[in-house]
Structure formats: C-alpha cells, structure tokens
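Right after this note come the structures.
Look for chain A in each of the two complexes below; its partner is chain B in the first and chain C in the second.
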Partner chain A sequence: MAFLEMKNLVKCFGAATAVENFSLEIREGEFMSFLGGSGCGKTTTLRMIAGFEQPTEGSIRIGGAEVSNLPANKRGVGMVFQNYALFPNMTVHKNIAFGLMVMGWKTADIEHRVEEMLALIHMEEFRERYPHQMSGGQQQRVALARALAPKPKILLLDEPLSALDAKIRTRLREEIRAIQRQMGITTVYVTHDQEEALSLSDRIVVMRAGKIEQVGTPFEIYNRPANAFVASFIGTLNILDAHVVDAQRGQLLVEGQEVMACGPVPSGQVKLSLRPEMLSLGTHPSNENQLRGQLSNVIFLGSIVRLVIGTGSREIFLDTFNTPKLELPSVGSPVSIGFPREACLVME
Partner chain B sequence: MIKRRGWSWFWFFLGALYFLVPLLGTFLFSLRGKRGALSFFAYSRVFADSQFLQTFSFSFKMALLTIVAGIALTLPTMIWVHLRLPKAKPILEACSLLPFVIPPIVLVFGLIRIYSGPPFALASSPLLLVAGYIVLSFPYIYRAIDAGLRSMDLRGLTEAAHSLGAGWGTILFRIVLPNMRVSLLSAVFLTFSIVIGELTLAVMLAWPAFGPYMALMGRDLAYEPAALAILSFLLTWGLIGLIQFASRGITGHSTGLGGTH
Partner chain C sequence: MDSIPVCNGKARASRLPAFGPWLGLLPFLLFALAFMLLPCGSILVGSFQDASGHFTFANIAHLGRASILSSFLVTIEVSAVTALGGTVLGFLLAYAITLGKLPKELRSMLLTFSGVASNFAGVPLAFAFIATMGRMGMVTFVLKSVFGINLYEAGFNLYSFWGLCLTYLYFQLPLMVLIITPSLDGARREWREASESLGASAFQYWRHVALPILMPSLLSSMILLFGNAFGAYATAYALTGGLLNLVPILIGAQIQGDVLHDPNLGYALALGMVAVMVLCIVAYQLLQRRSSRWIA
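Take a look at the complex of A and B:
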C-alpha cells in the first residue's frame, strides 16, 4: 500500500508547465530518488510534497490523508536543503531542538531527543557550536538531525550533497542511507547525480521536462532503460544506428556488420545501445556478436581503462578493468569488439 | 610598497584632520562659556534649561513612535516582497528614494493640506508628525532592512522553519529578527538621529521638538549651541558604539573552518 501518493500532479508557473501529470506511489520506508537534469521538475515536485508549492492540479496523500491544501508546517514532513539552511543564530543543540520546541515537547524530552540525534550523527561534541563554526559536511549532518528530530512522516532531501566535495559526498551519502535504514523513514531524494541515485535508492524516478520517463529499481533503470533518454542519461552508452533485418529473431545490421539481439525487436530503423562495460576485446565463445574496428585512443580512468574504437562512421567506447595483466593493442591497430546478444538494448 | 603605504597614511590623516579639527574647535569653543577659563559652564546651562529636557523628551518619544511604526510597517512588507513578490522590489526601491527627491517643505505642505480636514483631521495630532518622520526615515529603514534580508538566506530559513512546524510568528521572532539584529539596530539608530535633529516638519507643524530648539539656541546664544553640537555628536557615537557592541560574534553563515569535513 502506498504511503505517499501523488496523482496527476500539475504545476504551472505562468505559461510554463514545470510538472505535468505526475503520478507516483511510494511505499512506507522506501528510499525514492527523483533523478533528472536541470529544469526537469524534480525539485518542484519535492516542494509540492513539502507544501512550499501549491499544485495547479492533482492531489498528494500522505498515509492516506489528503495534504494538498495543508500548509507546510502542518504536513509533518522533514526537509534537508542543498544549502543546509541551519539557523545561524542558534547552536547545533538549539537547531535540532527547534522543531521539538515548536511542537510543544517537554524540556526533558527535548534534551533526550537532541542527545539521541547528536549520537545518530556522531556529533555529540559539537553541541554548542554555531553553524559558522562548522564545515559544510558537519552542517549538513546537523540539518539531517534537525529534520529527523520531530519524527516526520516523510523525509525530503533536496540535493543535500551537491555543495560538498567528492570525498565527503560519498561518505555522507553512506551515512544518509544507513540512518534512513535505521529509522525506516520514507524518503524522497532529489539529485541530478546518477551515481548518488543508483547507490542510495530502492527505486528511482527518471524525469525529463516535467514528466516521468521511467520508474524502477537502480538495476532496472540501468540495465533495462525504458527509452533512449533514460539509457543515455544513466551511465555511459554507445548508441548506434541499426537496421532491422529480422525483427522476430533480433537480427540487425550495424555499420554494415551483422549483430544478433534478443528478439523480437521493433522493425525498421532502430537504435542499438551498448554499455561500454558489456563489451570485450577479441573473440570469446560467450560473445555471439563481433564488430570490427580500429583502436583510436586509450583513456586511463583509474580503475577502468576506456578504449575508443572507430567502426566506420562511429566511435565505440569499451571499458575494461585496469589489472596488472592488462595488455592492450597499440593505437591504430585493428581490433574486434565482442558482446553477447543480452548486451544489446534495441530502441525505436 | 612603502611609498604607497605612506600615501595611504597621508590621506588618512588629511581625512581625520578634516573631521576632527572642526570638532575639536567646536569642543574648545564650547568650553569658553566662562571668560578667561575653560569650563563646562555652557553644558551646565544647557542641562539647566527646562526647554532642553522638554524638547529632547518630546523628540525622543516621537523617535520611538517613528521607529516602532516605521519598522512594523516596513519589515513585514519587505519580508513578503522578498519571499513572494520579488518583482515588486524595484517599486519599493523607487519609493525609498522619493524622500530624497521631495523636499521636506513640500512634504509637510502636502500633509497639512490632506490631513487638515475630514475624513483625516490629524493636523493637530502628533501622529501626523510621526507619519512625516516615517516618510523621511523610510530610505534608511528600507536600506538597513534590505541589507539584513539580503545577508541571510531568507527563503531557505523560513522554509526550514516551516517544515519543522513553525508558524509565521515563530519564524519572525525566533529566526528572522535575531538574524537581523545589526541591520535593525542600524535602522533604529539612523531613524533616531534623523528624528532628533529634524527641523522643517516640527517647525511647520508647530511642535516643540529638539530640532527647532537647537535652531533657536544657535540664533540667540554662542557657547550653548556648540555644547549642544558636541552632545549630539556624543549621542550619535554612543549609538554607533552600541551597534558595534550588539554585532559582536555575528559572522554570517560562512564556514569558518573552511573545507568540508
């Protein structure tokens, strides 16, 4: 049963439509991410759930109760902002206690809850610090504790890590996930970072131009993208023009070379998408398909080495692990790209 | 480098002399109230004059009313404009410049003309004087509050407080006002300074204010006006000192430690 339910949400700003017919059900305790580029409507949708924006049309239900017309301070929804939004005039302790004080908790209960929250974020010794006396990562952890302290029904996070550097981002994202699991709170997370969405979420909503492109688990979104946009938005992808020879069997013609995909496939002109990590150099019994090309560049990416292979009019990326035994052909030499038919994503 | 620093000190001292020499001259002059000796005679005469206390307390009351009414009118309006009507900012900005463009004498005649008869017969009420003072101090109140609102993430803070269950009253008194302490104090003291020394409105509306009293003293006496000038300087400096005192420890929201741990 859905805990957070959005039905046909529409949000217009003047003549511009920011969110269009957005319908989604989120289960209790689920970690859902809204993923998309700038201006795709993900933050607007989050703000409608929080009560900061009024939907032009549609309804929002939390725990079965209609909340579309409730003001933000009556929704029982905790929010973490990109720029932390800690109250500068209050210490960490007072920031965390603010929501509890507003709700009229007893002083002893507030103290107990604040201690609990400080322990949760491992910041007991920062109790009396002011926001300007802490780093960005520390401030965001306090913001998370502040949002969780009043025990909200739903936790909303609006790109909470985008102002932090890469290392802190990775660490904090693991912390957020651990805390979310520990508290079992239904969470909606807005991000434009696919790695963040893939690593954190139970399910992901990929959005474009105010509409949902696909809803699915990270595995589904990555391995079975619903369309070319999702496929190209998530991860690196080789997209090749292909002509279908036999739609039922999945036989294609790519750059004049035959490729077998899992049939049936749409007929006519299609797009063949191949993930770089699904491709390998040379021939292998498990690879039904071979594409011939010429190695034009080798890009070192640390744990991964990316080979750029020219196949007529297109270039194909092939990723291989950087192992001590890795032997690569020299740039300019002819190579063969092998891949199984399961690696072929065929889209209209 | 040393040469450039030398010039900096030169201009600094020139500026300081420009301000301090007349002040020192006025102070020394104010001490010559008694022939042949330096004394605070002029000051004691000022304090002994019942009109000094009367006019000062009247202006003080008017200043308090102006500050309370001016901020009560301007602050919520500006918060609303910052949050909900950012397009109206240029209109407010233009309005805030009007008191610089319209001379006080024109303003006071306008006020008298409109508020002398029904339905708003306020010409004999000090409220009309307060209304005029609010108009005169509006540019200063506006700018001080605007600077305060710009210096904080008003939208983020109000939304964070809202999501934690706070209503507008709590947000205003627990979040917005404490974070605008310095700018509000600036607005308060600037308004106070303007009202205490204002002449035109008080004279034209015939109220026994401190401004007209100082003008009268300057016309009829020699040493007492100098003493009054020094007293008003001390008052202003005292207020600026209070702003500095109140703003201690307020450092904005920058991450003082740097980095992102």
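Take a look at the complex of A and C:
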C-alpha cells in the first residue's frame, strides 16, 4: 500500500516541460532518493510534493488523500533545503519551536519537544545560538530538527549536503539515515551524487530530462541498470562497441576478440558494458572471457588500484583491491583481462 | 652596524600600507570638516551671540516662543507623516517588484523611474503638482468635469499640510523603493517556504520571520526619509510660498528676509534642527539594537 502516491505528474514552465508523466509509489517509512543530473526535474518534483509548485497535470496522494489542491502549510510535509534556510533572527531553540508555536502547541509541550529534538541531533549545548554562530553542518542538523519537530507525515530533503565539505557530508549522511530509521519517517531525498543515493536509499529513482529512467533498490540499479544511461550514470563503467554474432547464445565480437555474454541478447550492433571491479588480471577458470591488451597506466585510489589497459581503440578500467601482496605487471607489458559471462551488460 | 638601517627600512616599509586606507579617507575627512563640522561649529557659536557678537541666551530662549514651537511641530509632523507614508507605500511597491511575481521588465522600469523621481524636488516638483493637482490643475479639472468629483470643494487644498505631504510623497516613495529593494532581494524564498511547510500562515510568516528580519532596514530607511523631508526647503517654499510655517522656511526668512532679519535666531533654529536629527539617530540606534540582536 503506497503512502505517497504520484500519478502522471506533469509540470510545465511556460513552454518548457520540467517534469513529464511522473508516476511513483512510495511505501510508509521508505527512504527514496531522486537521482539525476542538474536540471532533470528533481527539485521541481519535490516542490510539487511540498506544495510550493502546482502540478500542471496529475495527482499526489498522501496516505490515500488527494493533496494537489492543499496549500503547503496544510500538507504536514517537512522540508530541508540545500542552504539550510534557518530563520536568521531566531536562536536554535526558537527555530525548532517555530512549527510547534504556529500550530498552537502548549509551551510546556513545545519545550519538551525541542529538548527531544536537540538530543536527537546531539546539539543540546547550542540551544541559544543564532544560525550565523554555527557551521554549515550544525545549521543543517538544526534545519533537520526543525523540519521533524512538528511530526510531519513526510520528510523532503533537497540536496541537503551539497553545500558542505566532504568529510562532514559523509558523517551527516549517516546521521540523517540513522534519524530517519529511528523515526520511521517516509523520506524523499534529492541528490545528484550517486554515492549518496546508493548508500542511503531503500530505493532510487534515476531521472533524466524530467522523466523516470529506472526505479529500484541500489543493488538493482547498480547491477541491473535498465538502460545505457542508468548504467553510465551509476558507478564507473567501461562501455565497448560490440557486434553480435549469435544473439541466442550471447556470442559477441569485441575489438576483434570473442566474448560470451548471457544469452539471449539483442542482435546487430550493441554496447557491452563492464564494471571495472568485475574484471580481473590473468586467466582464471571461472572467467570464461579474456580480452588481451597492454597495461598503460596504474592509478592508486586508496583501497582500490585502477589499471588502465589499452585494447586496440579503447582503454578499459580494471579495479582490484589494494593489498600489500599485490603484484602488478609493469606499465607497457601485455596483459589479459578476465571476466565471467555474468559480468557482461549488453544494451542496444 | 650594517643591520640597523636595513631593519629600519623594513619597519618603515611594513608600516606604510597601514596608512594607505586612512589616506583614502582624507578627502572625506576634509569634506566633513569643511561642510559639516565647521558649519555646525559656527551654528553653535552663532546661536549664543547677539547681533553685535556678544554672548547671549536670548536666541535659544526665543525657540520657546509659541510660533517657533509650532513651526517645529509642523515640520516634524510633515516629516513623520511622509516618512511613514513613504516607508509603507514604498515597501509595498518594492515588495511587488521583488518577492511579488511581477514581470522583470516592470522591475527595471520602476527602479529607473524611482531613481529619477527620488531626485525630483524643489521648484520643478512644486510646479508639476500645481499644474496637476492645483486649483486649475489637469487632474483637478478632469476629476471635476469627467467624474464629477470636486477636490477643492471636498476639502482638499494643495497649499495645505496634506497637500505638502502629498507632494513630498512624490520623492519619498521612490526613495524608499530604491533603498529597501536590496534588502528585499536578500530575503530568501526558502525562509517563506520553510515557514509554510512548518504550518505557518502568511500572517505568521510576516509577523515572526520577515518583518523582524527587515526591521533594521525599514527603521533606517524611515530615518533617512524623515531627514530628507525635515531639511527640504525649496519644494515647500515654492509650493506654499511661506503659508506653512516650516522651520527651514523660517530660517530662510531670518537669513535673507528684510522684515524678520535676525541671523542669530536663524542659527538657533538650525541648532534646534540638528538637535531633532540627533534625537532621531539616537532613537534609531536604540531600536536597531533591539531589533537586530541576531546580527553578528
């Protein structure tokens, strides 16, 4: 049973269509991410859920009730913005209390709830600070507490971490997810950062040009991308031109060498996509496929070592774990790339 | 021995840039000295002298006369009314062209107009109003002949207190638009949206968020408008021809007039005006501090 249901949402700005035929069902308590490049309509969709934009067409239901015509302040939807948007004239305490105050809570209840929220974000000692007296990460945690204080039905976050630096970003990301789990609140999280979406979400919506390309768990999106766009958008990918020899059996010709994929595959000219971490050096019995090439570069990425291997017209990335025992061939020497047929993503 | 001159040279070189910024301030300081401090000083001195240059309290005592007190009162009233009217109306107009969803072209048109209108004062402005809202003015005529509304029979008079206020509003309002527009541009759309999504009504948003944030700018703009009207001379003189007993007109009469000629009373009147402005600025500082504790 869907808790938040969008049906055929369309949003036009003048002649331009920002969101097209957007249909999605989100379960209660689910953490859903909208992932896509800049300008693909993520924010616009989120703003329609919040009630800041009126859909040109389509319907939005929360808990079974149609809300498209409800003003934002009647929807019970909490929102966290990229630039925090705390009220600069109020202390942390007043910011968090604001939603409760305008809803007419009793003072004692407000105090109790504010204390609860401050404890949740571990910022009890910041109670009387003004926004300008805090770091970006602290402000964003307060913004999260402010949005959650009135117990909204749904929490919306629009790129909440993109204004922060990398270290704080990862920490706050985990904190957001922990708080979301603890409160069990249905959440929609907008991001252009695939790592963020993959690490946080129950499910991800990959969007392009106002349309949904794929909806699925991080596992599905990563391992079974619906099309070449999703495949190239998520993770690093080697995309090679291939010619199908036998579509039924999955036999391909790549760079003049034979490769076996899991058949059946589309026929004619196709794209063969290979994740760098699915490839390994040398021959191994479980790797049916071999591509020969020449090692042209070695890049250390910390826990991973990326080998760049030239195969005729193309360079292929091969990722391997970085261990002290790792023995690598020298740059310029001929190498063999091995991979199982399951590693082959064949797309038209 | 060798190292000493080198050391000195270094010290001088590193101290020099510290003077740089102050050097840039010099023209301003000279200007302030020549056109603010010296005149203020001579006003102060002149206020306590009689015609022959002897010390006296008579000029200051004359400020207590009923006619002079009433002229201070009416000047403050005109300034306060037009400052308040200009602030409220100018704010609404600025709101409409910034946060309101009016087309962009309208915004730049209005700002250009405001730039011109806020500097349109004195005799030309007075004449423009006489030609439109005067007894024989265009607007007066059209209202009477087309709509059957007789402004002057209804009690309106351009050469009265309210007539002067209306005329002053012509430059007060656009001045307000010019100075408050940047503040409104700085108001984030997200504040409004955050407030809405937390369940607040538009009224609650303005009461608790927008007005408190804008209050320091609104207050300072209002003081500016007040001062702007308080010192205005030419417009009032050209419009009412001295019918309204404003302090600047009174000062003019003491300095240039034949009948009323008494420059030292003029100095005392000017000193009174300075005192009023100082009071305004102090009041503003106090209000500002209360309304913006949240600024760093």
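What we mean here is this: the second predicted complex is superposed on the first by the 348 of 348 C-alpha atoms of A that agree within 3 Å, B and C clash if a C-alpha of one lies under 4 Å from a C-alpha of the other, contacts with A are read in each partner's own complex, and residues count from 1 in each chain.
Quick note on the criterion: a contact is a pair of C-beta atoms (placed from the backbone, for glycine too) under 8 Å apart; a residue touches a chain by one contact, two chains touch by 3 or more.
Note that this is a predicted model, so its numbers are computed, not measured.
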Superposition on chain A - do chain B and chain C clash or fit: clash
Touching partner for A:Gln138 - first (chain B), second (chain C), both, neither: first
Which superposed partner A:Asp165 touches (first chain B, second chain C, both, neither): first
First, second, both or neither for A:Arg146, with chain B first and chain C second: both
Overlap of chain C and chain B interfaces on chain A (superposed complexes): 50-52, 71-79, 81, 83, 85-89, 98-99, 102-103, 131-133, 143, 146-147, 150
Residue numbers on chain C that touch chain A, as the complex places them: 188, 190-191, 193-201, 204, 208-209, 212-213, 292, 294-296
Interface residues, chain B side, partner chain A - complex: 152-153, 156-157, 159-167, 170, 174-175, 178-179, 251-261
Interface residues, chain A side, partner chain B - complex: 50-52, 71-79, 81, 83, 85-89, 98-99, 102-103, 131-139, 143, 146-147, 150, 156, 163-165, 168
Contact set on chain A toward chain C in their complex: 50-52, 71-79, 81, 83, 85-90, 98-99, 101-103, 130-133, 143, 146-147, 150, 152
